[in-house]
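Same chain, two partners: subunit A is paired with subunit B first, then with subunit C.
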Partner chain A sequence: MANEYLESDELKEIIDDFVLESRDLMEGAIQDLVTIETNPDAEILNRIFRGVHTVKGTSSFLGFSTLSTLAHRAEDVLGKMRKGDFVPDDSTTDVLLNACDAIKALIEDIAVVGNDGQIDVSEILQRLEEVNERAESGLSASEAPAQEPAVHEPVLEPQAEETVKKTKQKGGTRAEKNISGTSDEGSAKKPSKAKKSQGPKPGDEVKAQPGGVDETAMPAQEVVETTTAETAFEKIAMQEPASAQTPKQAQPAAVSKEEQTVRVDVKKLDELMNLVGELVLGKNRLMMVNHTMRNRTEKEEHRLDNLNDVTNYVEIITNDLQAAVMRARLVPVSKLFNKVPRLVRDLSSEFGKKVDIAIEGEETELDKSLIEALHDPLVHIIRNSLDHGIETPEERKAKGKEPKGHLSLKAYSEGNQVVIEIFDDGKGVNVGNVIKKVREKGLMEEAELNALSRKDAMNLIFIPGLSTAQKITSVSGRGVGMDVVRKNIEKMNGQVYIDSEEDQWTRLTIKLPLTLAIMKALIVQVAKEFFAIPLSIVVELVKLQDTKVKTVDKNEVVVLRDRIIPLVNLGEVLDSSTDDEQQDSSIIICNVLDKTIGLKVRSVIGQEEVVIKPLGEFLRHVKWVGGATIRGDGKVILILDITTIISGLNKHKSVAA
Partner chain B sequence: MEQSEVVQLVTFNLGGEEFGIDILSVQEINRMTDITKIPNAPDYVEGAINLRGSTIPIVDLRRRLGFEAGATGESTRIVVVELNESVMGFIVDSVSSVLRIPTNTIEPPPSVISHMESQYIKGVGKLDERLIILLDIQRLFEGSRHGDFSMANCA
Partner chain C sequence: MSRVLIVDDSRVTRRLLSSILKSDGYVVDEAENGLDALEKLSAVKTDLIIADLNMPNMDGMTFVRSVREAPYVRDIPIVMLTVSSDKGLRKEAMAAGTDVFMTKPINPARLLGTLKSLLKEKP
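Showing the complex of A and B:
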């Protein structure tokens, strides 16, 4: 209703803010719910309560009645939990989690279609009500007036920090009085009614000072402060404990942190990153010009000293700027990891397993886009772990293991890469079975299969054909959709591989670059064209004349320090015209898919920082090319997707055989 | 359609014929530059160029339309078009002019036009004695995105 008074743009902005904030709050609440299930903590419970309360308050103000009713009910249950009226059991947590999910779904609906009428929440409301009733009938303690402030205090949380200390005192005490007068079993419905009658009083005082408004009782007044809604809500929430039974906690620190962060649209960061990318290219160009000038005019070198200085200066600044912008895009992996406990909770009940989860290194940072892209593969891996890896408690006991399985997630930085490990102490991978499957399916040549190391053989679970087969027959071991996992990770220029000890453990390792936009690359010449190869996969460079190329079974190999490394002739693969006589001169030893291979190229030009440019929608499907970049001379060169080239060749070979 | 409606076309020559496309879809017209070949792309994809910092694909329109390959000369141009938010260029023999023609002089494509793939033709416009073939760039490049490419990938 208050909406009519708002310009539609303004309203949209408010709703957008609301969606953003509520989304965060509900995600936090879901994580927290899972946490307190195992480790009850009054402070965390308070946080959940405040989150749900904020969503309720704002949604009712904005007129999203379904959402506010649902949040309201959830808040009732949480309020009772908070007072210690009853101890939640598994099913309570289930109901609350479902309620949070439903709230999230409603929020997403609001974000997309602008209203909350699409989803039927009657069932979840019903269940919340049941929990509520159970809690009430279980204990009468809720009627004790002494408990009241705990439930009602959100009602008197109008103050946004410094703005209205005065009001807080006046309005606050009044509200408190009023509340203890109307105290009953503590459903938040009544207090809000009670407040309405006295709401105008503090409201009058507040009007002059926006921010001091009672959101529950006087929704309309919030219009004034919604521009700062985000921070105001936080602060409001934080004030609450001070006037309540929970003594002051470490809130001030949180407040100051809040003030130092700014929410920035990712698009703006992308834009910034693009510009920095351009700048890097410009810098490369400048360096190239500087270099050629120096070569040309050696005698007059002193004249170029200035140019040289400037070039160096620009180089340093550009590098720093690039690093700074990149850091701005980094997000801790906790964004991702925090969702895992909930996932594990749901899955373990689905599969009837008991699983303990440990998370390490969640502060490790990764580019935001990578975090998002990593979500699905991670879910898949964890699902696999719980489904096929970790055994049921009975099986585990029979094997002499603890009945509770163990899953751990670990993230850490390694040079320019971030490593994520997913470990479980389940039944591991039976290499023999994997090989058997591959053989049955005819996915690989017999000779090749026999030549594989144990580790290589294990990594066959990522082969596309294999996984489908296992899915259908549900034979022991993993591999359901593992090829998809690998594909997704490779799309991010990352790598994934598996290691395992049968009946003991399995560990999946994911390696990812810090960012997607800029990478170090080796520039090589293949026939007449230049290409870039991601430096992250390059192990070493070898001159062709120093090493011997031999042929094994019609395939070229190179012997390097007693190791036999298969060779790939990039010229042939890329089908560049080979009409001139010049011979290939270098071999690039790469590590791809946990395998070592050599790439034969005409020559190696050098190492360069390249900005990855998409080839555009039109050429998106071109195989073997991961993108393009622009070199110092302004020419476009292509970035090769070595991983697909290699897996493509393997597939081709095995199919042909 | 109203009688008085007029379309503005950019016209160019290709294999001796005069073609036109809607001026609104044309972003710019450039001289020929170095084009980086793209392995594994369909044969009518000439490669990619650097257009002020972004890479855009370049299509050889002669090949796309089923003409014989022609030599690159002084007058060869790259016409850069914007299509559904993606930008791409195509090579033409020469660009002639910007024309305004009334929509009512545009006729549906005849069933057979010389040796050209007629599915890409929107219509034929008449201006005095000139016949201008109106190309449907949307279709010209959309078809390639799905069908042809997956075929190329299988090879």
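Showing the complex of A and C:
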């Protein structure tokens, strides 16, 4: 219908936009449905209704009839909830959630194949219709003097047919009224209510005649209840947005904000980031050239003032540009966290547990690619928490805990890193069990096992091939869980570790860099070679001669302000032996995986912004190296992956011993 | 060249309407809710308004009343679009000052015809 008025390019763009908008709306609706299940809220319900309603309207306009029929049916149920005709129960929410899932699936189909005819939605339509009928019968029951719209009697099969009849009659009369009421629009109307009970007819919506009836009983008083015209106008005059009447998490449709927003393909941002990366390298070179020139011509320095100015200028601009591009790629973690309540809802019923969820810091921002890459690990961790962490209500009662378990997600920035904590008050990690499993499976030497601290032993849950779960469930318990989680997070230059108190709680901590492509690094010399170490993990630098290095149990340690810190000889680890007699001069104190450790290096060169270049496919098995970068003088140096160096350390030592 | 303000919270709907109107030579402004629209109205000279009924941050009905009570803009014709053909709602919308009440899905030809006749009526 709209097609003849639009160029095909334009139509395609609109459909793309439709996919984006509808996807957001449905994701919002799913979150909201989970929210109102525990905290009923008229405004949130209204928002869900509006979202589904918009999807219905736009999809029918674009001719996606399956989608609009499904949305229409879901909207009917929501409309009745909104009017207070009936109070939804668990199963209603289930049906609505499934309907939203189906709508999302249809939207994804439209995104990929361009139409919505691939999925059979008859079952979910049927279930929605059943809820609708139940709502209708609830309505008639509530006509009783008691003012209890909440009567939702279980639907009995024989009753259903009668209800359909009633519905038809009612619908018929209502539609007739509609005709008389709107006939001046000059269009014939179909009694849509009757049509509806005859089952879905894909296509009806699209072919709809001018002003085709679209029955959604919207009570008039609902719409007017907001501010009166006068007060609304006064408010604008006072430059005071009427936000008071919208709840805090109202849709990001802040007044007139959209106008300043442009949707950009992520690929374009990636390209921009790549170019900025190259520019940073160029800037580094320019700075180096400037530096050497000035050193060479110290006496006539003023001649190079211009070069110096330009270099400084380019440096400042490049830094700002880089920061700006990075900011453009940042997405709040709420994108990820918002999906959690639904996940927890589904998993709680799957595992028969009761779980409360708290989310904090969802406004913390992270690079878009990291948000995406974090999805699977997070889902896995939460599944684990619900499956193995939080106990059943009975078990919890027996332990004297609240029957309802508690899961909390927290995100915050820490320097150049973002930290995400997943906490549950379940049964915690049994360290003894972990060690036993490792021993049984022969994953580690006995001597090493005995030398481990409690915390280190706990973190063995991340080594491949270990699962402490008693029984295998659909997802967790196959021993491929936590090691995959760690691998995925380390791929993002992140870290993950666990802390726990048995029978009390478990906390998983994930630390991620703000962005993937560029980072601040410390350039160090190990033997004759240069390496880069991510600055985010560096705590402090210590001159070797100022400190006391001792040997404990064949391992070197350094005593720093009464703290004993184990030392790692990077030259030894990297096997960069030297013939010359030069000694290591510095220790870099790092904080990795919740541990403090010192790295012995020949010397510290300085701090640089480095652009991370992956090593490429055939070098991907190289241990201890996280990537490579190009320095200002054009030389390629390797970026050390300190996390794997530290975690692989015990093994390395036992080989060396 | 007539200038039309589209008020709808759905980006897709705004875009669709705007494409249709532009294809017929209209200049189009967009607002995503009533409040936003009132701001737009004070900034640009508008000949006609197409408003949705159900929107967050000031719905269509309140918006129409506000326009009708505001100086300078009170005579701008308003077309209200909604998916509901509820009689009471229609009556209320007309009472609030809506010129034409149309139900979605929109028929482009009919919409354009309606706009033309509304704009001609204007003194």
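The rule we apply is simple: the second predicted complex is superposed on the first by the 410 of 657 C-alpha atoms of A that agree within 3 Å, B and C clash if a C-alpha of one lies under 4 Å from a C-alpha of the other, contacts with A are read in each partner's own complex, and residues count from 1 in each chain.
Throughout what follows, a residue touches a chain if its C-beta (ideal position, glycine included) is under 8 Å from a C-beta of that chain, and two chains touch if they have at least 3 such contacts.
Source: prediction; values computed, not measured.
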Residue contacts with subunit A in the superposition, subunit B compared against subunit C: C
Partner chain in contact with A:50 - subunit B first, subunit C second, else both or neither: second
Partner chain in contact with A:379 - subunit B first, subunit C second, else both or neither: neither
Which of subunit B and subunit C A:14 touches, first, second, both or neither: second
Which of subunit B and subunit C A:624 touches, first, second, both or neither: first
Touching partner for A:638 - first (subunit B), second (subunit C), both, neither: first
First, second, both or neither for A:58, with subunit B first and subunit C second: second
Overlap of subunit C and subunit B interfaces on subunit A (superposed complexes): none
Residues of subunit C that touch subunit A when the two form their complex: 9-13, 15-16, 19-20, 23, 30-36, 38-39, 53-62, 65-66, 68-70, 83-92, 101-108, 110
Contacting residues of subunit A [partner subunit C, same complex]: 1-2, 4-6, 10, 14, 17-18, 21-22, 47, 50, 53-54, 56-58, 60-62, 177-178, 181-182, 185, 189, 205-206, 208, 210-218, 220, 223-224, 226-230, 232-233, 236, 241-243, 246, 250-251, 253, 255-256, 258-259
Interfacial residue positions of subunit B with respect to subunit A in the complex: 34, 36-41, 45, 47-50, 53-57, 84, 86-88, 141, 144-145, 149-150, 152-153
Subunit A to subunit B touching residues, read off their complex: 278, 281, 529, 573-576, 613-625, 628-630, 634-638
